[in-house]
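Once you scroll down, you'll see the structures, which are given as C-alpha cells.
Next come two complexes, and both contain chain A; in the first it sits with chain B, in the second with chain C.
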Partner chain A sequence: MRITQAMISKNLIEGLRNNRDRLNETQRKISTGKKHAKLSDDPESFSKAKRLSKQINQNNQYLKNVTKANAWVMTTRNAVENLSSNISQLREISLQGASDDLTPTGRQALSDQIQYIIDDTVDILNQSYLGKKLFAGTKTKVESPFSVGNDGSITYNGNSANINNKISDNLSISINISGQEVLDTNIFTIASNLKTAMVAGSSDVKADLSDVESLKDKINQISTSLGHRENQIYLSQNRLDTANMNLSSLLSDTEDVDLAEAITAYNSQEIAYRAAMQTAADVLKLNIMDYLR
Partner chain B sequence: MSITSIYEASRRSLTNQQSAINVTAQNITNANNDNYSRRKINFTFSSKGLGGQDVERVHDKFLENQIRTESQEFGRADVQKSLFKNVEIYFGEPGDGSLTNVMQKFWNSWEELSNDPESEIQRLLVSNSGKNLTDTFNKISNSMESLSNETISMAQDKIIKINGIVEQLGTLQRTVNRSSDIMDTEDRLIDELSKLINLQIREDENGRKSIRSGGYSLVNGTDTTTFKVDSQQTDGLPTIVIKTERDDIVNINSGELGGILEFNNSYLKSYKSQLDSVASTIVNWVNTEHKTGYGINNITGKAFFNESSTTAKTMKLSDDILADSSLIATSSAANTIGDGTVAQTIADLNIKLDSDTNKSIDDSYQILITTISTDGNREEFISTNQEKIVSQLRGQKASYSGVSLDEEMTNLLKFERAYQAAAKVAQTVDEIMKTILQMV
Partner chain C sequence: MNDTIIDDKIKIYQDVLDEGHYKLLTNNIDTIHSEDIIFFSDGIPGFEDLTDFIVCPIIDYKPFQVFQSLQSPEIGMIILPIINKFLSPANMTTDLLISIYQKEISPDNDIYFICRFSDKHITINTKAPLVINLNTKSGFQPIIDHDDLNTNDNAQLINKESDGK
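Presenting the complex of A and B:
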C-alpha cells in the first residue's frame, strides 16, 4: 500500500483523538461514579435502572405509610388497654357490690366510682392523635366523638367507617377502631345498668356480673385484633426493608461503576496515550529530506 | 541520422524533464490538499524515437462514488445524533428534574394526602406537585416545538448551501477546457453535496455530469435547478417538505437534509404525540376520580386539572384548585374528612392499567423514553460506524491519489539527473560539431 505523509499525520491525529476520547470517558466514569452519562448510551440498562429506582421509590413511600399506620395503631392500642383496665376496675367494683354486707352509703360510693369510670371511658374515647380523633371512624375532625347529654346519656357522633392505609402493592389495612365498634360492646349500657343496680341491691348486681365478664372479653378481642395489625405492619416493614436492600444492590450493579476496574482501565489507557504521542513525535520526524544531501 | 537531430532529441529531453519537474513541484505544493489527486507524468514515444509527455490525473472513480454513497448515510445519522442529544436534554432523564421524578413526586404527594386527608398543608403540597408536573410537561412540549422550528431553519441553511454548490457546479460545467484542476474542484463540490443530500450522478464521455436527487434534476449539463423548503403546519408540529421550483415535492431520504427531515417529520412528531397522550391520560384519569371525591368543606364534583387543556403544552391545574387547595378531594363521602379513599385511588392511578392498551401511565412514559434513547443510540451507532467507513474509504483514496513526499523527492532526483544527462548530451553533440567544424 502507498502511504503518504498526509495519511500518516491524519491517522496519527485520529489515533490520538480516539485515545483522548477513551481517557475522557473513563475519567467521566470515575468522577461521576456512573457507568453512563445519558440515556442513549445504554437504553437497556437505563430502563432497567429506572424500573428498579421506581420500585425503590414506591417502597419508600410504603415505608412512610407503614410508619404512620404503626403510630396510629399503637396509640389506639394504648387507648384500648386503658379501656381494658377500666373494665377490670368495673369488674372489681361489681364483685364488691355483689356482697350483701354493704351499707347503702357504701353502695352509693361504689355507684359514684362507676360514674367516674364512665367519665374516664368517654375521655379515653375522645382522645386525639395529631389533632385527629382516634375513635370517630372517618369523621376525625368532630369536636367530640362521644358527647354526654344532661341526663347522662351518651351519643356517638362519628361513623363506623374504616381508615385504610396501603402498606404494599396489594395490601391495605384498616388502622382504626371506630367508636361504633366500641359502642357495640354495650360498654356504656352495661356500666350504667351496673350503676343503677349498685344502688338497688346485691342481687341486681349479681345479675349484671356476667355482662361485665363478656364486656371484658369483647374489649380483649378488639385489643387482639389491633395486635394482629401491628404484627402485619411489622412484617410488611421487614419485607419492604429487605426488598429495598436487594433492589438497591441491583440498581448499583446496573448503573454504578466498578472503581477498581475503571482506575485500572484509566492507567492502561494513559500508557497507550503516552505511547501514541511518543510514536507520533518520532514518526513525524522521519523524512527523506534528512537523507538527500 | 544526422547530428543536428541529436540536438533536437536533447532539446526535447530537456523540455520533458522540465515538465516532469514542474508536475513534481505541483504535486509537492498540494501535498496536504485532501481534494487534490496527484498528477503523474507519462512519457510517450513518437515514431521518430523522440519522447513526448502526457500528464495523467491519478483518480479512482469507483472509490469516489463509494465515498459519496457512504457520506450520504453518514450525514443523515450524524445530524440526527446531535438532534437526539437535544431531545434527551429536554426530558432531563435521568435526573432530579426529570419527568419521571416529577410524576413520582406527584403520585407520592397524593399517597401522603391519603394518609393525612385532614391536612391543609398536605393539600398545598399536592397542588404544588401538580403545578410542578404541568410546568414540566409544558416545558418539554415547548422545547420540542422550538426544536422543530429549529429544524426548519436548519433545513433552510442546508438548502442554501445545496443551491450554492449546484450553481457553482453549473458554472464549472460551462467551462470549455475540462482540465484536471476543474475536475478536482468538481469532485470536491460533489463530495460536499453528497454529505447534504441523496444524489445520483451520471457522467458522459466528455466528463460532463448530470446530478439528480429524489427524482428531480439538480445539474443537467449546464442547466441547474434550485430546491426550496416548505413547512406545513398540521396539528402539533410542522411537517417539512422540500420542493422544486415548480412546487413538486422532492423525496429526500439521505444526507444531512434527509436526516433533518426524518428527525422532524417522523421521530419528533411521534414523540410529541406520545407525550400528549400521557398528559391527556393523566388529566382525564385524575379528573374522573377527583370529581367523585369530597374536599375539606364537603364540596364535590370539582376537576383537579383544567378539563379543556389536555395536551402536554397546555396542561394546567383547574382554576378552582389553584384558587383554593381545600377543594382538593380525598373522601368518598361527605362529612368523612378522615377518609382518604379517593386520594389513595388517585395515587394508585400511577399503576392502573389502561383497559385498551394494558399499560399504566408510567409504562407509556417509560416506553416513550426508551424509544427516544434507543432511536438516539441507533443513530449514534450508525454515525460512528459510517464515519469509520468513510474515513477508511478516504484512506484508500489518499493511498491511491494522495501525494507521497518520499516518492516526489525521489522523482525530483530522477528527473534532475535525467535533465543533467540531457544537458550532457547537448554538450557532447556540441563538442562533436566543434570537432567536425575544425576538420574543415
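Presenting the complex of A and C:
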C-alpha cells in the first residue's frame, strides 16, 4: 500500500488528538476528579477549607486597601517633592537677595517671585486625589484646605487627623500628611517674612536665610516619612500576595484530586504530547517545495 | 526544652500527622522524631503562628514532597526542590533563578518551590520560595524582590535532552 503524505498527516493528527485527550483528562482530574481518599469526605476539613477561603477574601480586601494606600501616598509624595522644589527656589532667591548690589527694582522682582512661590505652594496643598483633598486631614471633602484672604493671609480649613488604612489583621498605616503638619514647618510665615525682608534690604534677608535652610530640612523629613510608608506598603503587598499564594496552594484547596496520580500522569502525558508535537512539526512542515529540491 | 515536653509535643504532632495530608500522600506513615521537625521562627506568610513543619517525600512520585504543618493538619503543601529534572519556571532557566536567589539566600540552604495545581497547569511560586537548612533544622519563606519573579509562575517540563542532563 502506498503511504501518502496525507495519510502520515492524518495519523499524526489523530495521535496528537489522543495524546491531547489523555492530557485533558488528567488535567480535568486535577481540578475535578474523584479520589478514593477524598479530603472532602471529612466535614471538618471542609469547614476548615471554608475558613481558609474566608481568609483569602479578607486578604484580597487588604490588598485593595494597600493599592489605594499606595496611590494616595505616592501622590502625596509627588506633591511634597514639588513643595521641596519650591523651597529650593526660595533658597536661591534668598541667596540672591542677600547681595548688597541689588537695586530696589531688582529686590521688588525677587519679592514678586516669592509671592509666586507662595501662590504655587497653596495650589500644591489644595491638590486632590480622586476628588479628595490630600492635605486636609480627614476633612477630605472641604472645598479648599488652604484659603487665601484679601490681605494675603492664609487659613487652614482642614484638621490634623490621620487617615488610617487597615492593611493586615494587626496593622494600620497612616497614609496622609495633614495640612497642619505642613503649616507647623512655618512655610508660609518664613516665605512671607522673606518677601518683606527682600524689599527692606540685604541684611534682613541674611537674617532669614537660616530659617529657609531649616524649612528645607523639615520638608525633606516629611518626604522621607512618606518614603518609609511606601516601603511599608510595598512589603505588605508582597506579604499579602505570598500569604494568598500559600493559602491557595494548600492541599485542601485541591481536595478532590489524587495529586500523586495526577503528577505522574501529567509528567508522562505531557512528555508524550510534546514529543508527538515535535514529530508532527517535523513531518508536516514538508511541502511541495521539499519534493522539488 | 526538656525531654518530657518534647515527647508530649511529638505525641500531639503524631496525631496531627495522622489526620493531615501527609497520610494521604505518603505510603510510609512513620513515627515522628524530634530531628524531623523544621522550625520556622516567623511562620510563613498567611500562617505566622505556625512554626513547626515536616518535609516528607511523596513515595514513588519524586521529586515532589509534602510540606506539612505539625500544628495544624489542614496546612500542607506540595513542594519541589528548585534543582530537579522535572519542572522549571517557564520564563527563565533554573540557573538564572539560582543566580537571583544567591544574592539573598545562603548556599547552605535547600530551596523549594511551592506548587499549585490548577485545571490547566502546574504553577510555582518563584517569588517566595521555601528555604530550609537541614543542618540547623530551620527554615523561612523570604519574599525576593525581583521583577521576573512571581507568586504564581507557569512551570514547564524540563527538556531532558538539554536542561535536565
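A few notes on this one:
By definition in this document, the second predicted complex is superposed on the first by the 211 of 293 C-alpha atoms of A that agree within 3 Å, B and C clash if a C-alpha of one lies under 4 Å from a C-alpha of the other, contacts with A are read in each partner's own complex, and residues count from 1 in each chain.
One rule holds for everything that comes next: a contact is a pair of C-beta atoms (placed from the backbone, for glycine too) under 8 Å apart; a residue touches a chain by one contact, two chains touch by 3 or more.
As the structure is a computational prediction, the values presented were derived from the model and not from experiment.
Touch criterion met: A:244 reaches chain C, while chain B stays clear of it. Once the two complexes are overlaid on the shared chain, A:171 sits clear of chain B and of chain C alike.
By the document's definition of touching, of the two partners only chain C reaches A:55; chain B does not.
With the contact threshold set out at the top, residues 39, 49 of chain A are in contact with chain B in one structure and with chain C in the other. If you check the complex, the residues on chain C that touch chain A are 21, 24-25, 44-47, 58, 60-61, 64, 66, 74-78, 86, 114-122, 125, 127-128, 141, 143, 145, 151-152, 157. Touching chain A in their complex are the following residues of chain B: 31-32, 34, 84-85, 88, 91, 93-94, 100, 104, 108, 111-112, 114-116, 118, 331, 335-341, 344, 347-348, 351, 362, 366, 369-370, 372-374, 376-377, 380, 391, 395, 398-400, 402-407, 409-410, 413. Interface residues of chain A, counted against chain B in their complex, comprise 1-7, 10-11, 14, 38-43, 46-47, 49-51, 54, 57, 61, 64-65, 68-69, 131-133, 136-141, 159, 161, 163-166, 169, 172, 176, 287-289, 292.
Taken in their complex, chain A has these residues touching chain C: 27-28, 30-32, 37, 39, 45, 48-49, 52, 55, 59, 235, 238-252, 254, 257, 259-260, 262-264, 266-267, 270-271, 274.
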